[in-house]
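Each of the next two complexes has subunit A plus one more chain, namely subunit B in the first and subunit C in the second.
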Partner chain A sequence: MNRAGGLRIGGDNYKVEFVSYDNEYLPDKALQGMKKLVGEHDVKFVMMLGGDTWPAVQPFATRRKLLTSTLLPSDLSPDAPYHIAPCEVHPIYNVTGVEWMAQNFPELKRAAICAQNDSLGLPSVATYLAAFEAAGIDVVDQNIFDPSTTDFAPVVTSMLASGPDIVCLDTCYADYVNLITEQLFHQGFKGKIISCTFDNYQDVIEKTSKEFVEGFIFQFPDFDDPALRQDFINFKRPKDFYEKFVERHPGQWSAVAWEYASIMDLWKAAAEQAASVEPLAVLEAMKQGGRAPHAFGDASWWGEELWGIDNALVGNWPVVTVRDGRARIEEFRSIPEWWSCYKDLLVKHMEAMGLMHYQQG
Partner chain B sequence: MNSASRRHGWWLAAAVLLPALAALPFFLPFHRQDFMIFLLLDVMLVVSYRLVTLSGEWSLIHMVLMGCGGYASALLSKRADLLVWLSIPLAALLTAAVALLLSFPLLRMRGFYFLIGSYAAGEAVRLAWKYFVYPFGGPKGLKLIPPLELQLPFLEQPLSFVEPIPFYLLLLVVTCVSLLLLYRLEHSRIGLTLHMVHWQPSLAEAVGVNSWRYRTLAFACGAFFAGLAGALFVHYLGSINPNQFAIGEMLYILVWVIIGGTRTFAGPVIGVVVLSVLNEIFRQYDEWRPAIYGLILLLSMRFLPDGLESLPGRLRGLWRRRVAAAQG
Partner chain C sequence: MELVLQSIANALVQSGFFSLWAVGLVLIFGVMGIINFAHGEMVMVGAYTVWLLYAGQGLPFPLALLAAALIVCLLGLCMERFLFQPFRENPLGGLINSIGLLFILQVLAVQIGGLGLMKHVPPAFPGTLELPFEVRIPVQRAVALVVSLGLLAAVGWLLTWTRLGWALRAVSMDREAAALQGISVRRIGMFAMGLGAALAGTAGALMAPLVRVEPYMGHAVIITAFIVAIVGGIGSIRGAVLAAVLYAFFHTFVTTYYSGTLATMLGLFIMLLVLVIKPTGLMGSRLRE
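Up next, the complex of A and B:
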């Protein structure tokens, strides 16, 4: 961004300064970090992972009218009007993978699902349950394990005992996805695997086989994917970004590697449009007309029915599979279209797990 | 040094240190004020943990007991609309009651069995917070917990303890009172009996001391102060979730106490202050920080096996040997 001239406001170019703070995923450290960024560095926009750390920061950030972003839209709520999810709408995009699978493999009718019991895993379970129900797939086993689990053999044995055609790894952490996939290989699973992420899939291929991993469905592409060169993609030079990232951080490309860059693109465009970096002006410019350029195509600000506020940018999301040892986008599918048909199902499952915004503590 | 002059030394140190600590946040940047707040809470936590170790038991449930205080006060104030000023002491008492209940199965065990039992009990409590979305909020926990406020007759708006300086000053008072009470307890007849239960359990039983009762007392008193710290913590932070009280966080308490030393009252305080300050100093080194932190731990355990509290004594010994050598 800075090499391309930086931020252009009022005819002048400004360099964007990035300041980081490691909050160790601890709420008290996140609060200290937010105060440091605001108090010492006068930051205008804070990008966070979200999750457990957000509630501790929320009162301070809201009082200060600070523009903040999260990768987890479940952090959104009506009492945090300056908090946005402009890139990843976890876990709602997972419906696109199930929908694609159901259309391309209609013979698969029995799914077993596993996830860790935390704020990342449970909303994703509710979403997959809704997506499977919408696709007419029976969920024959649900295995919610503690996040401190290290031995996944019993989890896999229990799932396979129900005779599933599909094993759904939900939004398990990257290490868990790899370990569970290896267990599925060792325990002789022959069906389809679907997951939210599949980071470091090359390592799994080395430990299992190319044939076993072939057709693994997930939601996050490598950014050198030819499908990202299409005109509607708003992420600038994805292949160059991917190659530079892999060169600088070998073996560290992950589901979220591109997301902060994508959010910065959106923020830059809004700041230039608003001719200001002040949080409220940027937010207003960002949300003007109810639409904005998301990395995977133009999208709408949405979320009122699920999170109580239209602060999540939702549009198309890619369905990715492993083909011949590489992650490749099969298709882009529309999340709003799925929502317009099956929203009652998603709300039903979210409510059953106490995950709707009005059920939150 | 006799006990009277040592007492005078303590009072003198307190007379210098307390005003300095009270004035400190006025000279610190915004986020450092928060650091001081969390440091004081950690001081309360480690000193209350030391009371438990006095009876010879090392538990892995202390962090969860802090969480009990936090959850209890959050629920009392948020769901039962109780005044926060009441919910905090009530939460500390409830935490002591939980510890009392847990002491029936736990304190039948000793040593390693107690350690593992306390871990299992702590996990059971923590997983219950995760499992029950109502009332505990499940894995996401509780948020928008009401802060402490004080309506004073000469102020138009209530004094809000959401701001770090008022909260810090309040916490400094609570911490000082807590430390004073814990110090008095340790140096009372009860404290001496706890030492005997630890070091001479057979002798203690032989002279009619009910060691189970004393261990229970230490466990419940430690829990009271951990609960108090937890309650204050959530009303400042405004949120609570089960992951904050996981075993990883408990290990920090153990490290602070072990590195600081448990022989004296000041040992754990030195441990938590030194390690927390070092952690902040090395924050800028990002991924190197855990390695640096680990190296410091290894070096201190290798060269100061009795903890940082033994450092002045070692330095004094070294000085005396040098003087003696110089004098021939």
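Up next, the complex of A and C:
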């Protein structure tokens, strides 16, 4: 961004200064970091991972009317009007993978699902349950395991005992996805695997086989994917970004590697439109007309029915499969279209697991 | 039938790991009276050694395994000399030192390999053993089980049939009485620490291609090792092995037939139950003061 001239406001160019703070995913440190960033560095926008650290930060950030972003929309609430999820609408986009699979492999009708028992795994389970129900696929086994699990052989044995032709790895942590996939290979699974992420899939190919991993469905592309060169993609020079990232951080490309860059693109566009970096002006520019340029195409501000506030940017999301040993986008699918048809199912499953915003203590 | 047999196969592999984790911990506690909280990190150091030497430098897996055992053994000896021995009269001192070391080892692992995705350790023995009744075991796991059993048998032989083993057991039973018989309690302590550490390092090395190798992998290890050691009877090696097998079967079957979360919860509940009903554990005969 800065190499390209930085922010252009009122005819002048400004460099953007990035200040980082490692909160170690500890709530206390997150609050301390937020106070330091605001008090000592006068930051105008804070990008966070979100999750367990957000509740500690929320009262301070809201009181200061600070613009903050999260990668986990479950952090959104009407109490935090300046907190946005402008990139990832986890776990709702997972419905696109199931929908694509159901259309392309209609013979697959029995799914087993596993996830770690935490705030990342459970909302995703509810989403996959809704997506499977919408697609007419029976869920024959649900295995919710302890996040400290080290050996996944019993989890996989349990799932395979129900005779699934789909194994859904939900939003298991990237390392778990790899270890479970390895176990599925060793225990002779022959069906289709679907997952939210599939980081470091090359390592899994090395541990299993190219043939076994072929057709694995997930939701996060490598950014050198030719499909990201299409006109409607708002992420600038994705291939260059990917290659530079991989060169600087070998083996570290992950599902979320591109997300902060994407959020910065959105912030820059809004700041230039508002001719200001002040949080409220930028937020107003971002949300003008209810639409904004998301990395995967123009999208709408949405979320009222799930999180009580329209602060999540939602539009199309890619369905990715492993093809000939590489992650390749099969298709972009619309999350809002799925939602308009099946929102009752998602709300039903979210409610059953006590995950709706009005059920939260 | 296939499900039961596959679960037995899974449980047997887990038994091997749990036993190695717990026997090392029990050995150190039994002889030295110190609860080594850094035991899980010793397992982690073993795994990191294999990652660095086998996956990173291309050293043959058996050599990397041996190196892991030796490096962690050396680490254990250093711990005994510099962290535990100066605090021999104060068991709390040793315990606190081991907690400090735990954090130091974690930070070192972060410095060496960073955080993020797990370290990639390809299997040294690829492929799957296909047994009757559709039971399938990855060859790497089968090798890990065989090596674990071999090591446990060797420890059993050492303790039962050698003078060193008798001395070790004598110190474990009564330090003063052992010293009166001319046994060097200090040397036996060093030996126990080195052996316990080597077992932990070997366990980590064997596990490296099978599990998540990362700086905090020791957490799960120490929790399981404590459950097994307490249920088996603190200080009892036979008890630790028996409890490891029982716990591995229990955990595997509950995970397979019900859920992994329930398995972990019930495991901790059983540990608490044993502490209340039979504090000496399955095979422990006395409580250490």
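By our rule, the second predicted complex is superposed on the first by the 361 of 361 C-alpha atoms of A that agree within 3 Å, B and C clash if a C-alpha of one lies under 4 Å from a C-alpha of the other, contacts with A are read in each partner's own complex, and residues count from 1 in each chain.
Keep in mind that, in the parts below, a contact is a pair of C-beta atoms (placed from the backbone, for glycine too) under 8 Å apart; a residue touches a chain by one contact, two chains touch by 3 or more.
In this text, all values refer to a predicted model and were calculated from it rather than measured experimentally.
Novice: With both complexes superposed on chain A, which partner does A:Asn143 reach: first (subunit B), second (subunit C), both or neither?
Specialist: Second partner only.
Novice: Determine, under the contact definition given at the top, whether A:Ala56 touches first (subunit B), second (subunit C), both, or neither.
Specialist: First partner only, subunit B.
Novice: So in the superposed three-chain picture, is A:Asn117 touching just subunit B, just subunit C, both, or none of them (first/second/both/neither)?
Specialist: In the superposition, A:Asn117 touches subunit B and subunit C alike.
Novice: Thinking of the overlay built on chain A, is A:Lys348 touched by subunit B (first), by subunit C (second), by both, or by neither?
Specialist: neither
Novice: Just to be sure I read the superposition right, which of the two partners does A:Asp199 touch: subunit B = first, subunit C = second, or both, or neither?
Specialist: Only subunit C is touched by A:Asp199; subunit B is not.
Novice: Once the shared chain is lined up, is A:Arg328 touching subunit B (first), subunit C (second), both, or neither of them?
Specialist: The answer is neither, since A:Arg328 touches no partner chain.
Novice: Quick one: is A:Asp79 in contact with subunit B, with subunit C, with both, or with neither? Answer first, second, both or neither.
Specialist: first
Novice: On the A-aligned overlay, A:Arg8 touches which partner chain: subunit B = first, subunit C = second, or both, or neither?
Specialist: Neither partner.
Novice: Once the two structures are superposed, pull the subunit A residues common to the subunit B and subunit C interfaces.
Specialist: 117, 146, 148
Novice: Would you pull the subunit A residues touching subunit B in the complex into a rising list?
Specialist: 20, 22, 26-28, 31-33, 35-36, 38-40, 52, 55-56, 58-59, 74, 79, 117-119, 121-122, 146, 148, 353-354, 359-361
Novice: Flag every residue of subunit B that touches subunit A in the complex, lowest number first.
Specialist: Subunit B reaches subunit A through residues 29-31, 34-35, 38, 78, 127, 130-131, 133-144, 147, 162, 233, 237-239, 241, 243-244, 246-247, 283, 286, 289.
Novice: Subunit A touches which residues of subunit C in the complex?
Specialist: 3, 6-7, 10-11, 13-14, 17, 116-118, 120, 122-123, 126, 128, 134, 136-138, 141, 207, 210-212, 214, 217, 219-221, 223, 251-253, 255-257, 259-261, 263-264
Novice: For subunit A, which residues are in contact with subunit C within the complex?
Specialist: 117, 143-146, 148-151, 153-155, 157-158, 161, 174-176, 178-179, 182, 185-188, 199-200, 203, 206-207, 251-252, 254
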